[in-house]
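The two complexes that follow have subunit A in common; it is paired with subunit B in the first and with subunit C in the second.
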Partner chain A sequence: MTELLQHIVNTLILGSTYALLGIGLTLIFGIMRVVNFAHGELYSFGAYALYFVGVMLGLNFFLALIVAVVLGCFAGALIEVVLLRPMRGADIDTTMLVMIGAMIVMQNGEQFVWGGVAKSVSTPFPELPLVIGSISVSWLRLFVFCAALALIGVSYLLINRTKLGKAMRATFQDRDAASLMGVNIQFIYMATFAIGSSLAAAAGALLGPVYVISPQMGNLASLKAFAIVILGGLGSIGGATIGGFLLALAEELGAGYVSSGYRDAMGFLIIIVVLLFRPTGLFARAERIG
Partner chain B sequence: MKRLVPYIALAAFASVPLWLHDPYLLNAFITTGILIIAAMSLNLLLGYTGQLSLGHVAFFGIGAYTSALVSLGFDVELIGGIRVVHEPWPVWTGFVIGTLVAALCGYAVGKLSFKVRGAYFVIVTISFAEVVRLVALNWVELTQGPLALTSIPPMTLGFPGVGYLDFYSKQSNYYLVLAVLVVSYVVIQRLVYSRVGRAMIALKENESLAVSVGIDVTRYLVLAAVFSAGIAGAAGSLYAHYLKIIDPDVFAFLYTVTMVIMVISGGKGTLAGPIVGGLIFGFIPVAARSFATPEIQWILYGLLMIIIVFVLPKGIVPAIEKWFSAPNTSVDPEPLQAKMHDTP
Partner chain C sequence: MKRAHGLITGAALAAAMSTALATGAAAQTIKIGVNEPLTGPFAASGTYVVNGAKIAADEINAKGGLLGRKIELVIEDNKSNPTEAAAVAEKLITGDKVPVIMGAWGSSLTLAVMPKLMEYKVPMVVETSSSSKITTSGNSYIFRISPPSSVEATEFKSIMPSLGIKKADFLVINNDWGRGSAEDFGKIMKAQNIQVGLVEIMDQAAQDMSAQLAKIKATDSDTIMVTTAVEQLTLVLKQAAALGITKRIVTTGGSQNPDQLIEQAGAAANGSMHLTTFAPWYPDKTPDPAATKYFLGEWKKRGYAIAGATESFRGYDGIRTIANAIQRAGKAEPAAITDALWTTDFAGLNGQIKFQKQGPAGKESGQSMPNLYLIKIENEKIVLSGS
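Then we have the complex of A and B:
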């Protein structure tokens, strides 16, 4: 019983960051129809940005987190303008290849700049975990959970309560009609990619200190994000949030009760099963953002 | 003249071991040849049916592991205490069984994953490859996991009453790979110039139209997947018996990416495309190793990939063909094509 409770606590913390990854990708994939293989690299970009600003420049941990998210936003905007804008109108396979190329360049760039040795980031949180009954949670993980939930809330409000969000939803539903209504599609695409990237970078910056930061950390993150998007249904923030927690639960239970070697297989099995039996995802009523 | 090109190319490649004695370069030719076979098999799916499978390395790896295990033998206990013992068989049976098992997997994966299209098809195929990789990594009793399967015997061919041929040397392996490459080329050529191939191309150009004229889309897609997976499995088997060691890294996503970029750069949907693209991308690491660390090589690789998609999206072979035939066809109007609006 204690073991199960501990698994559930871990699920909540891991799931909240998975949800961030998933929301970022569901916006990009939903609005732009870009299969973003670089998503995982933006996740590791966020972690390295935190390391650079927080450890090498010695900035305060919380400020460094904010800087990492902002840098992720800029990196996303840059990728969109340089690589995706010229590819407008190209078919989905072509942009996918470009993003795979970007993934290879970014991952090996990280390896080149930072070396293959994993980095760790120290945090201002106390070493001793918070113990409630028989469960223990480190303060850092608790903070990660709260920060991720806050960011999920912010992105929900951004999509549903702001003018930019309304324009994004309109673009998702019908690009041409939105364009005719005066929505600047080029700007919406750039904003979408930048927001999605900053959410991925936030997930990386939050999880980086929990684990270690290495160039390979983004390897599976793109595919896990896809598992979440497919689980939650395209373009649904609520779906991506629940999908993130479900994937984390499947991984935790799989690792705890089946075999830790198959932890990462859970996401892929979810993809295969969901796509074959319920291709619209578990929560999609219709394809819409919000 | 154009009909002679394949024969001239074949003669040129057959002469390579006669004048090239540097073992490093010969090794590069052999591994490139194996990857070209895999890329040719991917081209059957990607170029002729238009389905981008990013899990193609799974079939390559399944062929490699099956072939190695058949020729090495294994002893595993399945769930429920059933023990499966397999004594080593001759290596050529490993090659045949590896090819067949890969083709069978192609059938199963095709049957299941052709229910979805586009981005979702891509993601299902990657997921399949990753699951297979994790099984190879974790089923240590069968595959030795990360410790790798070692001392895989080299390919041997027995001829009753005559003796047998073994493929220890690099020269003999080169000819073995070349022979399998030629056979695969002919099989793919026969396939795409047949009724089946025309059906595949029809459904690539316009699936709804193909369905409306009575083409059983799933059947032809699955057929393409079976041939494609089988040929990839044969390439994997050659790889295992040439290197004599395989580990779960054989399922790495980057191998699939390499195959894809070989096909795209050479020209998808052309028979010569994967060979041209394969030679270029197979020898880039050879050319770059003198001045670049592996990371830089990969960065160059990624940049080249982006540049090719931007500059030569149709690939090198169609560009050359267009250049050669330009004077005759420049006055022809664009061929009429049935176009339908793709609703996103």
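Then we have the complex of A and C:
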């Protein structure tokens, strides 16, 4: 029983960061239809940005987190303007190849700048965990959980309750109609990609101090983000959130009660099962694009 | 104008000649292949080993080199990936024509290289890998200076009683090294009437081991035996502390870099114990204190983090082993070096380097038997707790 409770606590914390990764990608992949292989690189970009600002420049940890997310936002905007804007109207495969290129360049760039040795970031949180009964959880992870939940809430409100969100949804449903209604299409594309990227950077900056920061950290993150988006249904924020928690649950219980050797396989097994019965994912709305 | 033109031609000619001379001199070097992970999950460890190797090469060259020639390390990155490791070996042997290789850090990496050694009949000094399979599969081009997990486990037997272990769980990396360690240490423990509980696996690239640790936390064992490299070990210690695990943690494999653990895991590293083959914190307890001090001095002088010394010494010893063999072989050719390696006998930083025969008769591999130390981290300091 204690063990199960501990697994559930672990799931909630891991799931919140998976959800963050998933939401960022669902904006870009689900709504913009850009197969963003560089998503994981924006995740590691966020982690390295935190390391640079928080450790090398010595800024306060919480301020450094905010700076890292803002830098992630700028990096996303830059990628959109430089790489994707000229590709507008090109088919999905062409942009996919561009993003694969971007991923390779970014990962090797990180390797070049930071070297292969993993970096660690210390935080102002106490090292002793919070213990409630027989369950224990570190303060840092608790903070990550709360911050991730807050960011999930903010993105939900942004997409569903603001004018910008409405313009985004309109643009990707029918670009021409949105343009005729006076929506600045170029800006919307850039903003969507930038928001998605900043969420990935936020996940990286939050998880960097929990784990260690290395140039390869984005690989697994990318893979999982895609899995979450497909599991939850393309373009659905709620789906990506639930997908993130489901993936974490499958991994945690799979490792806890089946076999830890197949931890990462468990998550993907669940996805295969879900897709067999619901090929569009758990929460995809009816296709309205085009 | 004409005169200027002539001058330029002359200068170009001189430059061309000096390049030709330089290439001529380079062709005279003795090449030693180095096949290590410089990127990927084992990047930190591989880089340390390469830096140690460079110290040995510079030391040898400063003393006039070998057989009147300088030695040259041809360093290639195997990306922590077995397929790449085999490709790198092929490139070193056929492209660079190296007569001998040092590598390939991890057991899975080394095992992937081994068929290439048989194919081209080129010897390799294995500096880090500890899977028992490496020296028992019948590859007569393998000379290992690191202890296999079976030797580590056997030597651990004499340290074990002082720990009073009753039941142990294992948490090991999912490759030949981790699984091999769990098997070898499990065997020794069972023979000493110590119960072996869970054997949990973690993927090489995994960053979150909370699920495995939560499961181990719930058992009635008193000790967790962990086998993995420093990067993942840092995470294991931090996550075990976050879960409030108070069981004794003993790590094996010799790639723990205790100083790096203290730096990166902080208080979470306190109380953990580590089996290591080199004790740079106590130079006078090493087999050749003078060599240990020279190596550590040089390591510091180059501005490397002291944390790397427990890993890099293997690169240093590996290259010294190869150089020692080439010197005695009298020529830098694979067959002569292989023969000379069998008669190696000198004090390495972690014990006498001398190869015993292991594996099937007629095609034995060489295995050297280094010393083993158990160290403990107390209040973020390293204490020697048994050897």
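Basically, the second predicted complex is superposed on the first by the 274 of 290 C-alpha atoms of A that agree within 3 Å, B and C clash if a C-alpha of one lies under 4 Å from a C-alpha of the other, contacts with A are read in each partner's own complex, and residues count from 1 in each chain.
FYI, a residue touches a chain if its C-beta (ideal position, glycine included) is under 8 Å from a C-beta of that chain, and two chains touch if they have at least 3 such contacts.
This one's a predicted model, so the numbers in the text were calculated from it and none came from an experiment.
J.: Of the partners subunit B and subunit C, which touch A:V137 in the superposed model: first, second, both, neither?
T.: second
J.: Touching A:S259, do we find subunit B (first), subunit C (second), both, or neither?
T.: The answer is both, since A:S259 touches subunit B and subunit C.
J.: Have a look at where A:I104 lands relative to subunit B and subunit C in the superposition and call it first, second, both or neither.
T.: Touch status of A:I104: first partner only.
J.: Tell me which partner A:M96 touches in the superposition: subunit B (first), subunit C (second), both or neither.
T.: After superposition on chain A, A:M96 lies in contact with subunit B alone.
J.: Classify the contacts of A:F226 with the two partner chains as first (subunit B alone), second (subunit C alone), both, or neither.
T.: first
J.: Using the superposition on chain A described above, determine whether A:L276 touches subunit B (first), subunit C (second), both, or neither.
T.: Only subunit B; A:L276 stays clear of subunit C.
J.: Is there a shared patch on subunit A that both subunit B and subunit C touch, and which residues make it up?
T.: The overlap between the subunit B and subunit C interfaces on subunit A comprises residues 111, 220, 259, 261, 264.
J.: Over in the complex, which subunit A residues touch subunit B? Could you list them?
T.: So the residues of subunit A in touch with subunit B come to 29, 33, 35, 83, 86-87, 90, 92-94, 96-98, 100-105, 107-109, 111-112, 175, 220, 223, 226-227, 230, 259, 261-262, 264-265, 267-269, 271-272, 275-276, 279.
J.: Which residues of subunit A touch subunit C in the complex?
T.: It comes out as residues 2-3, 6-7, 10, 14, 111, 115-118, 120, 122, 127-129, 131, 136-138, 140-141, 207, 211-212, 214-217, 219-220, 251-256, 259-261, 263-264.
J.: Considering the complex alone, what residue numbers of subunit B touch subunit A?
T.: Residue positions touching the partner: 52, 112-113, 115-116, 118-120, 122-124, 126-128, 130-131, 134-135, 137-138, 254, 257, 260-261, 264, 293, 295-296, 298-299, 301-306, 309-310, 313, 344.
J.: With touch defined as at the start, can you tell me which subunit C residues reach subunit A in the complex?
T.: It is residues 38-41, 43-44, 46-47, 174, 200-203, 205-208, 210-212, 214-215, 217-218, 231, 234-235, 238, 241-244, 263-264, 266-268 of subunit C that touch subunit A.
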